[in-house]
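Note that the chains take the letters A, B, C, D and E in the order they are written out, and that residue 1 is the start of every chain.
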């Protein structure tokens, strides 16, 4: 029983990390209808940025988060301005191809800048834990989890409740009409892409103390992000938490009690089922 | 309270899509407080004219001026800030947002936010159906309900100049009456109106002045009632 | 001897200089480059300089095949490469068909030389060789009965797994847990909790670079104890970044390795230092040394060959017996392997965040610390 | 005042009807020219095989992705099924590879029918995401089900019987086989361009509801398109398996491979006759050129190339060229 | 006259809203039936139910005596129900000709015959000169005609027209009215939704009035026009 609880708890906390991996992707899809294949690479950019500051400034990786988020945001805005804005009226797949290209270019730039060895940092809490009765919690995962909930909650609130949020959604759904309401849709798109990139970078910063950074690891994260967001509902920001948790727990239980070699398959099976049965995501309003 | 001094002037406007030129030479004027109708056959370029004014479409040549501002050099959202609102053809709603969210989006500029509550009440008073459907997603509204929402959203920004593109399209007769009533009310409040309508008779009846657009050129202009009597208009647009 | 001069003799080499295996490509490049330098300053191939034309396969098998065709068409008598088994295998199939020898240094999969082909030669150890010393050590230590196996779900991992299972059976050890995990975003906690539940004297693992650190960290986190934590497939457990990234979590881990600077082969220490300098201060892994050895072996064969044709070189390779800084290289048939270098591998243990060679006894420079202290007893 | 016509419009922006014959000639000339490739570039036959084979598979992808508008990012499944079925039958049952390829085609068709039947009610990006999931799951199963597939270690093909007296491992033979496959794929695309079935597919792509109102059963037509696409891709996979001689699930069922096929079709121009061919030529041939001229930087430059094409020809190169020629 | 369409207690619910409420409706061969009612009354929903674009919540639908309540949309098109969409749905990347051709293939599997048939329909709809233009470039009126043309290509027994006159000026509207008469004269039964009274009163043999999803009146144009309920709910006193 303790073991079962432990495994579920692990799943939940890993799920928190998954949520933060997916959230930027979900936002960018929800608002810009872009299926962002570069998302995982953005995350890796966040990892390397953290690494860079960590090694230069010799401070705790969690302390450089604001800097990393800022860098991510700016990069996102620049990319949007110069590469995505020009194709805003092109067919849907053009943006997919564009993000594939962006991902290749970014990961190779990382390769030139940081070399091709996997980078691992060792911090106090990389392996530290705290306990609640017989259950063990990873400190790094806990910090990541709390930050995730705060960030996603805040973002969801902004999108649902504020004028800014409504403007963002309006620009997403009908750019011309949004312009006619005085919304600067170009700026909104840049902003959203910037936020999306910043969120991915944040995820990278949160993950670095536990996992490693490598220029070519991006696609793995992209795939995870797809799964998370579909489970939670593409574009449904708050749903990403639910999607992440569901994925985390499914994988944990599957890996522990069935077989770890099929771990990813459990998540994918859940993903496919949700797609088929509730296309709007488990936590979205169903449109049918 | 009448707004002083903001006249909309189009001078020799040319515009089009891709390699197709639609507007060849459009000059017209809408003075403060006026209700001006723009009529013409399908494809004459009425919508294109409004889109060019709103800067949704770049003019190829000519000028669009509102007061002292050159609209053709501004971006669409900045024009809205000057107080020029447009209710576009084909509704153009925010489909995945609720009725109320659509309306609120219409008043998100700092200039209009203070008036938000009262504007919302006014729109709901005008179209009670919309109040009933407040929390429904715009995409699931009936055609007519969508039209009401589009007009309502346009009013939410408390404009100086309101451009309406076929507001009566697809509305039930009683509602059409109401909409034309609303248009006149709006004008009475001092808001300038540029109206594009296929319901030529009604439009000319309430318009101070009207222009007739044909193949991208203004071919006739004059007071609404006068045009209504014109043999040419009657034959070409009223089928009488 | 005087430095080589005249018309160079050209060999082809294929490695992953870009793409997902680029980490190892840069190691191979360093090894080849230093070897060519050394060979040519020492008189080259009977006076003529050696030229290794190193081409990037972009971590992609199609590209490797395209490059191989161009090499063969341009008359290269021998090709060196590639790094990843997934590229080396199709390459080996093609080279064998074209009857041009392929000299591989770094792919570890057993299946490259088992059953192998007449045209494929491997300098590096196979996974059987990685696993073997572990069991030698276990026997010496005593008190070990049960083994849990956790490997990455790829060719190398399964190859190690097979070697472990077979050799465990031969030595009468009981395999109490045996699973593979998917690479990538690695949350090992669920599996580790299972293993903790089951309990085993040895946890034998095989992982690429980065997973190895994550694995050890999470072992510490879930407080999983064993008498021995073993990196049975070398790779991720036997490279410098394992120490750097793992910190105290990797202390006492015993890993098999192809090579260490401790070994008593000639010029081993010196070469290690030169490679490090060549790579701008990055610590070379054993892959660089093995590539160096591969190039040396190739040069040796060229020197001895009567004709510089693929067939001539293939025949000379068969008679290779050469001591390199990496160790003795010869190509033998044994246990189903064909043209495989039978060099044993060594074991190193992490002690005070350094690799200390602990096995076999004749090269060991330190003593094994055994059993591994439980996590709670460490500070 | 003149009475203006009820609707105004502009002359042909896309004169497609009747364009069929000239593009047919084009295709035949192209195929004829390609038959000289091995003689002209004897050191680059491997490259030629790769280009022609990927062109054929990208064209096959395009039947579903371009003509029907169902963006699949899981077509590697069929490449894998084609390669594995053929190889396993050769290895385990001694079945000749061409029969194995036929069986693989059948297996792919069955898989496509089930896959399509289940996921075709998903629209737009959701279908694409589902296809990624299907392919990844297939990869994981193939990787783990060692008893069936040989597992993660992969399988290699030993000697193969001669095919009509030809050595299937000869690059030259492989080239002509790939060319025949490309011819087949082009024939299908040419037929789609003008047949009722092709129009049905395009109608579904443009607006499924409207298509249904015109008596088209979208699910059925999409499934047919999927079957055709899967069958052709599977043949390509069998040939690819022979070409490689060794393969493992992570390569054969990889997302990367699926994305590449889609990329080729889109870059060249999806839903056009020559688009996928142009895309394959550019991406495969181009990356070889880049590899030689930008050693170490080729993937970077490749990425830049994709970005440039999307920026300046978002509808694909063949569409851009056609537009440029008209202007 | 044989009955072409009949619905029994046809009902459709959206969440809490009953958009079509137990509607009994019938149309006979060769009739033009006008369907009117306030905005949101359920007219388009009714069309969607009859054409199969939406599933029914209750009740039954018969076409030429055959029950089609649960038949899929494409099957109904095959049987002979053609429709236009209020929110127009052209195939934008196909030419005008190709748009019609897609429908024409249903009755004419051979391409040549289909093309001939499509050309004929384009001519009838006055769209011939735009045959090679892309559907995207048509104006509102053009697109409305294209909607009709496409539906006509099916050679339908029953044609559902949803506001095909709205947005046309009176002269253009007259042209479309003329067209609709011609279609009827070829034997096609027509049900049309329209808010322009001049058009609907002039064209319809019979008019059915919906409000809040319920049928509140039915009869000849003069009967309906003078029905106080209809005046109250829809026409207004103006």
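Keep this in mind: a contact is a pair of C-beta atoms (placed from the backbone, for glycine too) under 8 Å apart; a residue touches a chain by one contact, two chains touch by 3 or more.
If you're wondering where the values come from, they're calculated on a predicted model, not measured in any experiment.
Chains that count as touching both chain B and chain D, per the definition above, are A, E. Note on connectivity: the fewest chain-to-chain touch steps from chain A to chain C number 1.
When each chain is reduced to the average of its Cα atoms, B sits farthest from chain D. Chain centres here are Cα means. That of chain A falls 31 Å from that of chain D.
Between the Cα centres of chain C and chain D there is a gap of 38 Å. Distance from the chain A centre to the chain B centre is 43 Å, each centre being the mean of its Cα atoms. Chain B and chain E, compared by their mean Cα positions, are separated by 29 Å. Multi-chain contact residues of chain D, defined as those touching 2 or more other chains: 3, 6-10, 140, 143-144, 297, 299. Among all residues of chain C, those that touch two or more other chains are 18-19, 153, 180, 182.
The set of chain A residues touching two or more other chains comprises 108, 259, 261, 264.
Across the complex, chain A meets chain B through its residues 163, 166-167, 169-170, 173-174, 176-185.
Of all the residues in chain D, the ones that touch chain C in their complex are 42-47, 50, 140, 143-144, 146, 151-154, 156-157, 169, 171, 243-248, 250-251, 284, 287-288, 291, 295-299.
Interface residues of chain D, counted against chain A in their complex, comprise 71, 118-119, 121-122, 124-126, 128-130, 132-134, 136-137, 140-141, 143-144, 255-256, 259, 262-263, 266-267, 270, 297, 299-300, 302-307, 309-311, 314-315. The residues of chain B lying in touch with chain A in their complex are 54, 56, 75-78, 80-81, 85-86, 88, 92-97, 101, 104-106, 108-109, 113, 153, 157. For chain B in complex with chain E, the touching residues are 17, 20, 39, 41-43, 89, 129, 140-145, 147-148, 166, 169-177, 198, 200-201, 236-239.
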